[in-house]
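Look for chain A in each of the two complexes below; its partner is chain B in the first and chain C in the second.
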Partner chain A sequence: MLKRAAPLAGIGAGIAIPIALLAALEVAVGMGAVNRALVPAPSAVWTELVAIISRGKLWAPLGDTLSLMFTAYICASVLAVIVGVIMGRSRAAYNLLEPLVEVIRPLPKPALLPPLILFLGIGNEMKLVIVGLAVFFPVLINTIQGVRGVDPVLVDMARTFGYGPGRIATRIVLPAALPFIFTGLRISLGLGLILVVVAEMLAGTGGIGYLIVDMQRSFRVTSMYAWLFILAALGFALNFAFEWLERRLLFWSRQQEKGG
Partner chain B sequence: MTAQTMTEPAPPPAKPRRPLLQSRVSGVLLVLALLVLWDLSARFWVDSTSWPTVTAVLAALFSGSADLFAAFTSTISLMLKGFVLGALLGVAGGIAIGLSPFLRRAFTPLLEFLRPLPVPGIVPPLILLLGIDDAMKITVVAFSTFFPVLINAAQGVRMVDPVLIDMARTFRHSRLRSMWQLTLPAALPYVFSGLRISLALALIVTVVAEMIAGGTGIGYYLMTMQYAMQPDRMYAGVVLLAATGYALNWLLLLAERRLLHWYSPG
Partner chain C sequence: MQRGCELTLNSVTKVYSPGTEAEVRALGNITLNVEPGEFLSVVGPSGCGKSTFLQIAAGLIGASGGQVALDGHKVNGPPEGLVYLFQQYTRSLMPWRTVLGNVEFAIEGHRMSRAERRDRCMNFLAMVGLQDFASRYPWQLSGGMQQRVAIARALAAEPRILLLDEPFSSVDALTRSDLHELVLRLWEERGFTAMLVTHDVDEAILLSDRIAVLSHRPSQIVETIPTELPRPRDRIATPELPAFLELRHYLLDQLTKRPAHA
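For the complex of A and B:
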């Protein structure tokens, strides 16, 4: 009985802690303990959030942000997997490209925003390129690692059965490297979202990141927090969807994962 | 989410042990060729104010521009302060939720909601609360450092061999002593992989905070030079940041090798 009760108490506390924090904030704002102009009451943020959704103002910025994220993420990931497989399979390609990768990879990608703004302006191309750059390298590095870790016996066997290089890449190498590729994809999801928000904040005309900065500059603090909540929910939802997809696609590799 | 899979693994070493430079001749030549192409194109073909020659960029970097150096030291010092703060809180929190299932369940909903939040989002509210100076930037960096360290530390604590803990209890070691001598060392490799993720992130986030909030630092410097149409100094800043990213990762790997020489993964 006690053993059953313990997890329940923890889960109960898990629900109670956020509620208690919000309630404390609500009371503090109500009593005037914090400056209402800077910290709005959670209930006011909630009302604003409901208003944003019910007036249909959510969809255009959300659509902007999501389309930027998905376009850049998918294009850059596909490209990174292709280059990664080539670099993982061919030593010549690896030797040729690895130094270039090592020169560009450690660069904090937001630093490339100012040069890209000079070349591409503040439009969509610039944002797609900067997000794509952030997504590309983690996927590339992990794909190379995964491809190089493929059991050579598998490849030899496939060759024995008359598989050509193309079929070996898609049927043998790619599935075996998939857990690594997903590691890269997960890192890139977080980085990509960071760059989406930064690009929108610095060069935006729409999108959630732009709205957060815009509301802050015009001192519409309640709206700012409502949009921040939307951003947090978006991050949570994308992360959740990613983990669901990963479990679906990698159910067979669970037992191979090292270190718990 | 394993500690290993959260790191961005370094490319595996070349299998036949040839000297590094010799095996990568083609690659190094490619990088040099691209640089030469850039320089020549800026000299002869592209007539644009946003495309300086490589030599102009290097000149801007090495001519010891005082503001670039000041911006650089400001960035590094804020980043390190935020990183250390976030890492300490992350290790402490990670040990707490790693040791206590109750705390883990109690804080999971809050942490799981905050963790995927794209960090730049909290910069505008923090500007209102803390201003655009050091306190705000340090907080943002600490926030971004906290989560990877926390999650990896918690994971590491749970990987401690329970037999060791039982044995320590048999030998009447105090809980504090077994934590210091058993739990912490066992969690250390995981903590380090969290630190490595966080360090790369901390540099990114510092630059981002400086770009959004302005005031000081290399992120702000880059934006200013872009507006001021001084691309050679802007690129010098980019090159300096790339070198910094490279050096930080290298330093942490070195520290890891020093501290974790006893540990072999896998």
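For the complex of A and C:
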């Protein structure tokens, strides 16, 4: 019992810190120690948050941000995995594409926003491209690494059972490289969320990023913090969902490591 | 049951990195004929290129010279009807598939219903005594059990020739003895041709009809010796026969008297 209780006690202590900070802030605002116009009381932010949700104003911006992000995330990831498998399996393809990758990859992607706005305007195309670019490279690099690490014994085994290069890629290489691919997907999930918010802030007409800037510009500070909280919760939920998916798909990878 | 097929190696040579300083002449000039349904073992000192030899026979790597043929058809890549049993069974099983899923991999290209494939593979799992472990994962099994999964998978492909690359070298002695018996029984039942590469002289004599002795690199076949021991073989009684001991003495003498590899 004691052993089982211990981790829970640890989590309890971790939650206690933010609660204590919020309580301190609440008291400070109540005493007038902090400028209420810039930092509203946590209770006021909470009331605003409840109001946003209960009046149904959450769904449209959330839907905007999520659909934009996932469209770009899924398309760029699928493309990166396909290109990564080809580059990982074919020396010729790697030599052909590697210099291009190394030129674009190190660029901080937000720096590409100004030229992209020139070419694509401030519509959804531009946002899809910038999020897609941010997502593409981590998935690509990790896929290449994973594909190169695939045990040649597995590939030879499939060859002796008559499997050709195409079926070896889908049945052997892809699943064997999946732990690496997921590492890339996890990095890209964080980057994708950052870029979608930045793009919305700069050139948005809806979405959570746009709202945070819009509320700040119109001095609706309480609302701004409420949307910030929503964004934090979204990031937490996405990460949680990702870990659940990873546990379900890669159970064999972790078990194998444990077994030695 | 279809018969085993004939494997012919004609003046096969293999040179790695030819024309460079790192040039290695792995195989000298190997000519060998494995008869249909025969069990032939290749023994040789470690590092003599036994695995290279087997991989060339399987069409996994190309020879530098000479020809490999299966029933008279030239081997350019892994041919149909040939299955290779790897030494590293842990690495040849897919950890993301169940035991049954690994066996089914052997015949997923074949035209048959899912149920039919499943039944067939369950039969082969039963043959190696693993029918109760079908839904486990390879990493949940012991080393000997994993190699039995690999054997069941090899059999599911209905091979006409089975190449065994030291498949019993990394399990404990008792498990090895069990696997010897299993392979002997399956070979007798199913009539495929078998070629085993090993450094274990006892194993080679117990299982084989003939034994080919390889020299140090660049390897050549020094001699081919028929074992002339009665079948069916018994893993306990056969090694006690005077003819077994005599052959064992001779082979060990041959393998140890050669100069140590530089």
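Basically, the second predicted complex is superposed on the first by the 244 of 260 C-alpha atoms of A that agree within 3 Å, B and C clash if a C-alpha of one lies under 4 Å from a C-alpha of the other, contacts with A are read in each partner's own complex, and residues count from 1 in each chain.
Going forward, a contact is a pair of C-beta atoms (placed from the backbone, for glycine too) under 8 Å apart; a residue touches a chain by one contact, two chains touch by 3 or more.
Fair warning: this is a prediction, and the values are worked out from it, not measured in the lab.
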Report task. Tell me which partner A:L97 touches in the superposition: chain B (first), chain C (second), both or neither. Result -> first
With both complexes superposed on chain A, which partner does A:R36 reach: first (chain B), second (chain C), both or neither? neither
(request) Quick one: classify A:D151 as touching chain B (first), chain C (second), both or neither. (result) second
In the superposed arrangement, which partner chain does A:P175 touch: chain B (first), chain C (second), both, or neither?
second
Larger residue footprint on chain A, choosing between chain B and chain C, goes to B
Contact-wise, after the overlay, does A:V221 reach chain B, chain C, both or neither (first, second, both, neither)?
first
Open item on the list: Quick one: is A:G162 in contact with chain B, with chain C, with both, or with neither? Answer first, second, both or neither.
Closed with: second
- Is A:W252 touching the first partner chain B, the second partner chain C, both, or neither of them? second
On chain A, the footprints of chain B and chain C overlap at residues 259
The residues of chain A that touch chain C in their complex are 151, 153-154, 156-163, 167, 171-172, 175-176, 178, 252-253, 255-256, 259
Listed in rising order, chain A residues that touch chain B in their complex are 6-7, 9-11, 13-15, 17-18, 21, 38-39, 92, 95-100, 103-104, 106-115, 117-119, 138, 141-142, 144-145, 148, 179, 183-184, 186-187, 190-191, 193-194, 196-198, 201-202, 208-209, 212-213, 215-216, 221, 224-225, 228, 231-232, 235-236, 238-239, 257-260
Note: in the complex, chain C contacts chain A through residues 55, 58, 60, 77-78, 80, 82-84, 86, 88, 91-92, 94-96, 105-106, 108-109, 137, 139-140, 157
Residue set of chain B touching chain A in the complex reads 2-6, 8-12, 23-28, 30-31, 34, 50, 101-110, 112-125, 127-129, 155, 158-159, 197, 200, 203-205, 207-208, 211-212, 218-219, 222-223, 225-226, 231, 234-235, 237-238, 241-242, 245-246, 249, 265-266
